[in-house]
Amino acid sequence: MAKFKPISELINNYQTGYSLEQEFYKNPDLYEVEMQNIFMKHWILAGHTSQIPNKGDYLLFEFDKESVIVIRTEDGSVKAHMNVCTHRGSHICLEKQGTVKALTCPYHAWTFNLDGELKAARNMHEDFDFSDNGLHKANVELVGGLIFVSLSENPPSLDGMRKDLADVFDVFGFDHMKVAKHQTYHIKSNWKLSVENYQECYHCAPSHKDFAKVHAMAMTPEKFNKQKEDFIAKSDGYVRTKASPFYFDLAKEGEECYQYDRNPLLPGRKTGSKGAEPVAPLLGKLKKYEEAASEFMVGPVTYFLIYDDHMLGYRFLPDTQETSICDLFWFVRDDAVEGKDYDLDDLTWLWHVTILDDEEIIVNNQKGVDSRYYRPGKLSEWEHFPQNFLNFYLNAISED
Amino acid sequence: MAKFKPISELINNYQTGYSLEQEFYKNPDLYEVEMQNIFMKHWILAGHTSQIPNKGDYLLFEFDKESVIVIRTEDGSVKAHMNVCTHRGSHICLEKQGTVKALTCPYHAWTFNLDGELKAARNMHEDFDFSDNGLHKANVELVGGLIFVSLSENPPSLDGMRKDLADVFDVFGFDHMKVAKHQTYHIKSNWKLSVENYQECYHCAPSHKDFAKVHAMAMTPEKFNKQKEDFIAKSDGYVRTKASPFYFDLAKEGEECYQYDRNPLLPGRKTGSKGAEPVAPLLGKLKKYEEAASEFMVGPVTYFLIYDDHMLGYRFLPDTQETSICDLFWFVRDDAVEGKDYDLDDLTWLWHVTILDDEEIIVNNQKGVDSRYYRPGKLSEWEHFPQNFLNFYLNAISED
Amino acid sequence: MAKFKPISELINNYQTGYSLEQEFYKNPDLYEVEMQNIFMKHWILAGHTSQIPNKGDYLLFEFDKESVIVIRTEDGSVKAHMNVCTHRGSHICLEKQGTVKALTCPYHAWTFNLDGELKAARNMHEDFDFSDNGLHKANVELVGGLIFVSLSENPPSLDGMRKDLADVFDVFGFDHMKVAKHQTYHIKSNWKLSVENYQECYHCAPSHKDFAKVHAMAMTPEKFNKQKEDFIAKSDGYVRTKASPFYFDLAKEGEECYQYDRNPLLPGRKTGSKGAEPVAPLLGKLKKYEEAASEFMVGPVTYFLIYDDHMLGYRFLPDTQETSICDLFWFVRDDAVEGKDYDLDDLTWLWHVTILDDEEIIVNNQKGVDSRYYRPGKLSEWEHFPQNFLNFYLNAISED
């Protein structure tokens, strides 16, 4: 397909209750709008402070054509700079993760300090102003040890979320976690098909046999809602069960969207693992296994699933319009010792197999969406989160 | 080349007797017109009933972004459905060929019967109408056991061809064949360069040494025409020798184009094989080797070469604008037993080496056509079939 | 980025003293202008007579979608023909280098003599004129044994350069060299980033440790200029030290741009090799090692570095807009014997490791230039050659 409808017509044609029409996944101008209005504006998980504990430690946060250096500076704070030399544009940091004394461009040795200020550049003309040639800065906010980055000059506020969920961050020990493993999965699909897949459990029973052995959510909505009611009724409230639904299109004006919820696992299941038995020490201030897991989502593409003994981080990013990147982060409490308190293979098994299932599903979804015979289909009662995402998405691409 | 002439100008510029100018192979809008006016309209060989003998057996017929499920239904008939779930668009059948009890989408388990009717979809809203959500149907017609598919709602008629060639189908036993082998070849060229290659034997002597040892057609036209005249004069008429030339631009209004012809092999050659000796039992009602082969072409991209002991099917399809797919099918009589009545390697040798020769030729043709210095060249007297194809093609892309 | 500014606006926006903005590397229409106004107009090194010593010997000179046959003809001269059959466009020569009796197209056997005239074509219609169907010719000029090709009908003149540099060609024995090795390197970058890299030594000290052990040029400009002054002052003038700066934007009207210069090596360094010791016999009429190297550049993408014992040829070509080809040619005197007078590994070591360094640098440059945060950066005092190249480039793409 070589010609595309105007984006406004595409948006106007959308019918609530249906999936998106094909051009949403194909129009290259729309892809650029998505980059501007979503990925270069909203808060996205860039990594975790445990990955860059010492000054000069950095990691790269990358999507599409962009590369951001997330670095621990001299004073111990975390900053983010675009990985683009202000001289002739070379990438400065070439490894995904590393440690540097200064940010020295490998091309002509222009040298920036850890704060991104230009400190050395040989043989420049007299009128050259070092202070004009620092690295382009990106915004950083920490939520516990989670590092969020926004490329916007005017990013949405995280304050409402911080205030609302203070007890949640406290009880799960967000200040006392570490990344046990980070793995990247490449998916041959537009990023939205990956996100839509994550947003619903209508596919869980047919597609995720292992997940369905642990999570009540994979049952029918009726059964799940009943079990959830019972779970909330008998909860002692030590871990909040009340949902915070400011997600996607429900976010308050000027605030980043987020959501918190707590859901029961199947009876007798303690955590998300092969036998549903613990795979790491209890997180934060938890005292017992509640046979439940909390969900925490913030911004458009960062999702957490908090079991009592570990937390999973999910991040979806576009690589090109046709390909997406899914990053999984497994978190445990920061004093847990690998080999003693947890085994990496046991910890990561469930969601590694689950994302591999999803990858296959999503790729086959893309193949069908590419057909001239694809038409937006009717969503089920169980696909309300994808609907919320689509509402958010349509708003986002309508801006400006 | 980033800008293209209007398609109408391209068509008007074409000079009979010459090859096509470069933009015919490059303009992406034209490629979409080709899909609409040729590949999604005309009849194309999708496979053979012997490949899906039992109910629930299916095979996929795929080109460009399209995937069609060709399936044996409950009542033993053959139907074709687009391989696109009416929910969120996933491919339903993931293997090239298989057997299913029902068509269950791997994503959310929407289940369609073998006729493509939606029979199960969990948790749909009350107003959901199952009867509105069946799979998109494609047209199927059988010619003997050959399965032809058209994606058009108003496909050209095959009736004239059926009536005209009834004796041909009868004598070669079209109702009593099976696929002995099916192989797919990928060619880095626009599909038209592949078709143009098939349509002429001007290249046979320089390019196909093995073919030229069997087929009289590889000689000069003068020699070939003389031998053909003699062959027709002494024919007993048991197998029709009279050509049916309703091909390409010669098709009657509303009818699919087709062609039948019978041509002599070189003296003493019985069939298309390494030593020109039989490689399978005589087809249909044939009683002896006639040292000849019949050609049967139907629709724009499906061609058959009928030796006395086996039939070859050739099908050209676009994969992308820059790449094409050539499928070869070898047919033998349906009661022939592999290993006893025929050896697969002997059966397939000649045309496997011939298509490999052609692949190299076609790829090098594409490389030169890509040059800014390529100009349409003058066709020889021996390239009248490519000219017919070009006439048909220009008509086809001029429609609507 | 899906939309591009008009090329004229892009040119007008350029600020002298800065690198190019992103769209110069991305706009596909501009890429086509570059092909027309630079690569299909100016003189480019196609090879060397020592590579095609006998009649019928040919080599292919290829860039983008173009392929040129450079061939030794019957009378011993060198000619160039487009590798595109005038019948249906096939490539005629399929190997990078070879020997033929005639140029016979592998498709339909149309046969051209070594001068590109059509001599045989079977079964053509009566009105077919052989003399109208010869291969498209390209211009060839020899500079010593160096073969230059221009695809323009009206190429710039090489006369001024020939007259000016006659003594240089004589002293280095341009008529008495041979290609000892030719190697092709593929770089994932737009061709201009590759050329810009070659045009400056601001990156030499940080990037090329081995080069910097030999060449004075890798020091600061102050030190280098001082050493060069001293070198010229004490030179006996046997090899010309006076620069000829008619390069890039400085070329005279109607003349091809070129440059000659002679620069000192570091004290005690005899040539460009691992230990800076000789790796081949002295070139041409040289009598001693001068601890210097001459540079000779001609046309936009062909550069030579002439050490006293060997000459290096560098050629940059576009493969696609996103990928470029760098060819390195190592030349020695034509009577030098491999294994006796020179060792290939020793001869080629320095520039093989240097181009590998450069490849990495250039690819990382491209990655950063692809970012939405890339902005043209200020050039240093040491980047005057890239500035000259940019001036030439902007003039070239402004023509017509």
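Just so it is clear, A, B and C label the chains in written order, and each chain counts residues from 1 on its own.
Heads up, the rule we're going with is that a residue touches a chain if its C-beta (ideal position, glycine included) is under 8 Å from a C-beta of that chain, and two chains touch if they have at least 3 such contacts.
Keep in mind it's a predicted model, so treat the numbers as computed, not measured.
Novice: Between 0 and 180 degrees, and as a multiple of 5, what angle does the rotation take that fits chain B onto chain C by Cα atoms?
Specialist: Fitting chain B to chain C on C-alpha atoms yields 120 degrees.
Novice: For the homomeric pair chain A and chain C, should the interface be classed as same or different, according to whether the shared residue numbers exceed half of all numbers used?
Specialist: Counting shared over all numbers used gives less than one half: different.
Novice: Measure off the straight-line distance from the CA centroid of chain A to the CA centroid of chain C, and report it in whole Å.
Specialist: Those two chain centres are 48 Å apart.
Novice: Give me the residue numbers in chain C that touch at least two other chains, ranges are fine.
Specialist: Counting only residues that touch two or more other chains, chain C contributes none.
Novice: Using the touch definition from the top, list the residues of chain A that touch chain C in their complex.
Specialist: 28-29, 31-32, 35, 40, 65-67, 82-92, 94, 106-109, 121-125, 128, 133, 136
Novice: Taking the touch rule as given, give the residues of chain C at its contact with chain A in the complex, in rising order.
Specialist: 1-3, 17, 19, 196, 202-203, 205-207, 220-221, 360-361, 364-365, 367-375, 377-382
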